[in-house]
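A, B and C are the chain letters, set down in written order, and residue numbers restart from 1 in every chain.
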């Protein structure tokens, strides 16, 4: 098991800077997720940890030891790829055993460990098959066994679930999480799927264009996003972003005006989660223009003087018809305010947008 | 002393990881150096020999072939290349790199011409500007009474024109026929479709040089022996199966939906083929064009067997007979220049074709 | 409808069919026919006979030597260059971080050059005079006293080398694209699993090259067996008959000695194995995969 530290890690491919400088600490036994859109540098970070890419600058520390240039084979890191990367010409048994070839493990012990790893992920009865004879889920499990058989100090998962169908993904999510808790191995999951990250990881590192936007628990990211990007990336259906302007202690959004004290003048973005909004008798006037039943919830899209607003109501009954004139009420404690120039959230800047302004 | 060592290395783990890192660094460096050294050593004979041809075309004269310019050139250019490479690695930015390179190049050029300038000349390339090449050539072999071809050399432009005709006409026919047949085999169901494809597969692996004897007899019988048209047709036949196969592969990759929507828009199958499908296989057509052209341009065996008259000589025959004269008063600059002139179209076409080479499946075999 | 089908058949497939008949089927038939005649320098046939085959099997004292030379030439060229060195070039040029393309282009030069030019360079490089490249290096660098005459003394080595330089590039191209075809993730996985460069070559690359290597071996055996272009240009089959491989022997018998019927008979022994090996290529081909079922029924 290991404590991992990125100290100002930089990665360039020729002239292209993928990661300009990254600082990050991952504690021993922790399960963290690197979350971000494709191309944000999360897989690159993972490959540097595995010893596949060499960092262009900075220090990569395993338990306080610099490992920048240590070969992959000396790092004892297990990795599962999105494509599983099973060796097509080897049986399941040989695939799982492959890492032990290079560790000079005695034959009897190797056999035992292969069997144990296979049993751990429930592929013991598939030992003589080849990867092409396995289903996606089975390949996934074999890849996991291959990563675990060498008893790694660090387990890396590169989008391991994205090639599986929805139901299987759910099962594997639970299984991997349980496995990690049982083995206690430091684990890093790379994913672009927020649900995967929030359900599996203890801590989420949200990345964008090679830089860390925010590190925190799933709740932190959801309820207290530090940047506009995180707010927009986390949450489904996505957060409503309204654009406003602060002018002499007044926030204007569309035709609405609200008093806002303690911030400078300039453009601001307001983030409102659809589930924190509800239709009611007070609030911003709006007209329903679209309804999307989503099973246990209904998503409404309404047209308001502030722009299009998504509202999520629980229940399976459509209560508001298209064309209905209504009002949308805000919960001031769940309103997020972002400075547009920096994209950062202003802490504690709650305010009340109401309709009174409209008459004026 | 021992104490300080202990202090600077607080744990044995530290030195263990450092040792691993150092070993990895060593291995990486060593394996890269070894690989580059190996590749340079095995590639040098080819590079030097082709470079020799180039220096000869600018420097040689009659009499013995020589390496007088080759070695000094290598002594000047090799350090220059190394310097360019090192500077590229050392330079801090693009501007600095270009300035450095410019200086190194200018220095090299000045040094090169001041040392070797008086040995260099363009005499070899006279044939490009002097249309009366026969006269130039006569002067080459005039002194040699034994030379049976002394008066029989055609102008290099005759050979050039003949090669262009054979390669060009052959390419046009192969492209047309192959794109028709490839489309039909790829897209239509017809009796013997399977056998037709198999036939193409076998024929494209067929050792065509084994047919040189019967082809000679057939050409003689139909009166096409010693005729450019005859050779051209033989090459068409030989190139065709390969071309059909390549084209079929490219047609296979065209989505059916494109064709379906054209049909739904009211086009006939023929119109669909010409207007919609053909434009999508231009890469295939380019590949086939380049490969058949090169084949025709470079062919030697069929040319030497089926062509006799010197007015029918193609570039390969011209080049061959020029060199046959061998060291007896031959103008090596001229021969080298003709060789360079002959190689360049091939090199250009190969360079063009390179990216299409990768798109061709390896004869459609399973991997 | 039926008419349209016939028209299409003729328009699309007709020209190719005619060409194949004229240049493949007919020559093979003509060759078989001529093999049973006494056609000589005058290209006239006076009678049908089995004499050519009797001669090939019992009366031609040169044939055993020609055949054994052919095997030596094919085997060594294939083993040393087309397969082994092609593989080495593919592995090394894909292993280095930069410049692999440059080295591959260098090795493609011989293949790209017209055969006549390529062989002229060989002759100049190895001829017996002091000015040849080989002698310049041998005498100035290695201190050899008398110029070497490789063309007279080691002609078999030269034909293997000159064909091998061409053949190596064939293996190099096919194997390079096969190596490129291995997914990056397999290399990454193997690296993370602890495999070093040599283990990766052995456990990841070589298994993926099994089929391309088979393909190269079959294809190049066939092509070495029947091609004599570089040999006829480099040595003309000499000195004496020292480098006359079977295909060249057929050619010389036919066109230099004017024994057309005998040449046709000898050529049959190349044509038949040629067809057989080419047909054996079927076995490696998945016809189902090669032919899509047409999805448009309109003609």
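By our rule, a residue touches a chain if its C-beta (ideal position, glycine included) is under 8 Å from a C-beta of that chain, and two chains touch if they have at least 3 such contacts.
Being a predicted model, the structure only gives us computed values, none of them experimental.
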item: Pair with more cross-chain C-beta pairs in contact, given A-B and B-C; value: B-C
item: Centre-most chain, if every chain is reduced to its averaged C-alpha atoms; value: B
item: Separation of mean Cα positions, chain C and chain A [Å, integer]; value: 56
item: Where chain A and chain B are represented by their mean Cα positions, the distance between them in whole Å; value: 51
item: Distance between the centres, which are taken as Cα means, of chain C and chain B, whole angstrom; value: 17
item: Contacts with two or more other chains, residues of chain A listed in rising order; value: 71
item: Complex interface listing, chain B residues touching chain A; value: 13-14, 17-18, 20-25, 27
item: Of all residues in chain A, those that touch chain C in their complex; value: 47, 50-52, 71-73, 77-79, 81-83, 85-89, 98-99, 101-103, 146, 150, 156
item: Chain B contact footprint on chain C (complex, rising order); value: 4-5, 8-9, 11-13, 15-16, 19-20, 22-24, 26-28, 30-31, 34, 39, 43, 89, 92-93, 95-97, 99, 103, 106-110, 112-117, 120-121, 123-125, 127, 129, 131-133, 136, 165, 173-174, 177-178, 181, 197, 211-212, 215, 219, 222-223, 225-229, 232-233, 247, 250-251, 254-255, 260, 263-264, 267, 270-271, 274-275, 277-279, 281-282, 284-287, 289-296, 298-299
item: Residue numbers on chain C that touch chain A, as the complex places them; value: 183, 185-186, 188-196, 199, 203-204, 207-208
item: Partner chain C, residues of chain B touching it in the complex; value: 31-32, 35-36, 38-39, 42-43, 46-50, 52-53, 64-67, 71, 176-178, 180-181, 183-190, 193-194, 196-199, 201-203, 205-207, 209-218, 220, 233-234, 236-238, 240-241, 244, 252, 256, 259-260, 263, 269-270, 297-298, 300-301, 305, 315-316, 319-320, 323, 327, 335, 339, 342-343, 346-347, 350, 357-358, 362, 364-367
